[in-house]
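The chains carry the letters A, B, C, D and E, assigned in the order they are written, with residues numbered from 1 in each.
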Amino acid sequence: MNLGKVVGTVVSTRKEPVLEGIRFLLVRLVDTEGKETSSFVVAADAMGAGPGEMVLTAAGSSARQTTMTQNKPVDAVIMAIVDTWDIDGKTKYVK
Amino acid sequence: MNLGKVVGTVVSTRKEPVLEGIRFLLVRLVDTEGKETSSFVVAADAMGAGPGEMVLTAAGSSARQTTMTQNKPVDAVIMAIVDTWDIDGKTKYVK
Amino acid sequence: MNLGKVVGTVVSTRKEPVLEGIRFLLVRLVDTEGKETSSFVVAADAMGAGPGEMVLTAAGSSARQTTMTQNKPVDAVIMAIVDTWDIDGKTKYVK
Amino acid sequence: MNLGKVVGTVVSTRKEPVLEGIRFLLVRLVDTEGKETSSFVVAADAMGAGPGEMVLTAAGSSARQTTMTQNKPVDAVIMAIVDTWDIDGKTKYVK
Amino acid sequence: MNLGKVVGTVVSTRKEPVLEGIRFLLVRLVDTEGKETSSFVVAADAMGAGPGEMVLTAAGSSARQTTMTQNKPVDAVIMAIVDTWDIDGKTKYVK
């Protein structure tokens, strides 16, 4: 999974009909210190994530293993909201 | 999903028979400000997207989850046309 | 899909038995102007592509969606030979 | 598979219900000499890996081929803990 | 497929039980001239490849399309040993 920060929303009215009701969030990937990078992904939001929250995203066919995304043309999904992470015993992020 | 801009069309007459009738568009990836990058992908067009439109593309097996692309050798599909997106509360793109 | 140019052939006699009879071509990826890059992929040839031809390749599980590659350990396939492409209304390549 | 070192833990209480009980570890990729790189992945831990251990991670749909991860929105899994590796006949890592 | 050279072996005793008996080789990717790059992958060896041999590796779900790797958490497999390859009509590698 990738570690990222929800920074925005992508709105689309013309889309595959099965995508109706799915929210697409713009998630900027972060490094292990939590610093934003220039990489980002647009992910379906299976968690009701809010702006500024740190999240985990799953890609590829794994992105379709949620009730919301099953059998849909979606290749990235937010499947967890991060509370904390640590590196080498030091806390790097607390929500 | 990737965020990209439709910039061209790829024409092919000799192709897998099941691909007959599918339009292949050249989609240049954009950054979060909407600026074109040097990366691009050739995607099947499930939406009737036009030149200059901002779109979302899904990759891998997820690209085959549309009626048009099911069971076909296609690894990228345009599954949504973007109206707007915002970053940190600021609108970055309006169609 | 990736846009690439057929530049060579990879020959292998010791291989998974199901791969018998499949030709593996060396495809160098090109940029949107058709200029060769340093990236390349070895792809199964489902089209009878010849040296110098511009082709589209599909990757991952999508590479197994042709009669020739079905259920085989192949992660890239040439599924179309390109006639032309254009960018911003200008023809960039004609076969 | 990627070769990486377990350097931390990612904690999430709000997540897809099926992910309950799965531990997510932060794995920093290493080069062939065992030196840490700046790349990392968050992987489900199918092995009970501990901090500092060198591991192999499998990505994509292959990450769902363990009892713990089957049919779950997980795109990276630790499926082996590394004892040793060698390059050109020289041992590069011993646990 | 990627073109690579077998340069080492990764040994693991604690691993998913279904991986018992599978040999994991360290494969360094090469460029089209056969020169080693800094990129590498750890791949299951379905071919009995030896050190120094040039091989093709298949990634993702395609890596599970061999008898040895079917339904196992493996995302890269050696499915062919390379005899020769040529670029623009010139032989670049002969075993």
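Keep in mind that, in the parts below, contacts are C-beta pairs under 8 Å (C-beta built on N, C-alpha and C of every residue); 3 or more make two chains touch, one makes a residue touch a chain.
Because the structure is predicted, anything quoted here is derived from the model rather than measured.
Listed here as common contacts of chain C and chain E: no chain. Centroids built from CA atoms put chain C at 20 Å from chain B.
Centre-to-centre, using mean CA coordinates, chain B is 32 Å away from chain E. For chain D, residues that reach two or more other chains under the stated contact definition are 60-61, 63. Contact ring, oriented from chain D toward chain E: the chain order is D, E, C, B, A.
Chain A contributes residues 7-16, 18-19, 24, 26, 28, 38, 40-43, 51, 60-61, 63-64, 71-76 to its touches with chain B in the complex. Put simply, chain D touches chain E in their complex at residues 1-3, 31-32, 46-47, 56, 58-63, 65-66, 77, 79-89, 92.
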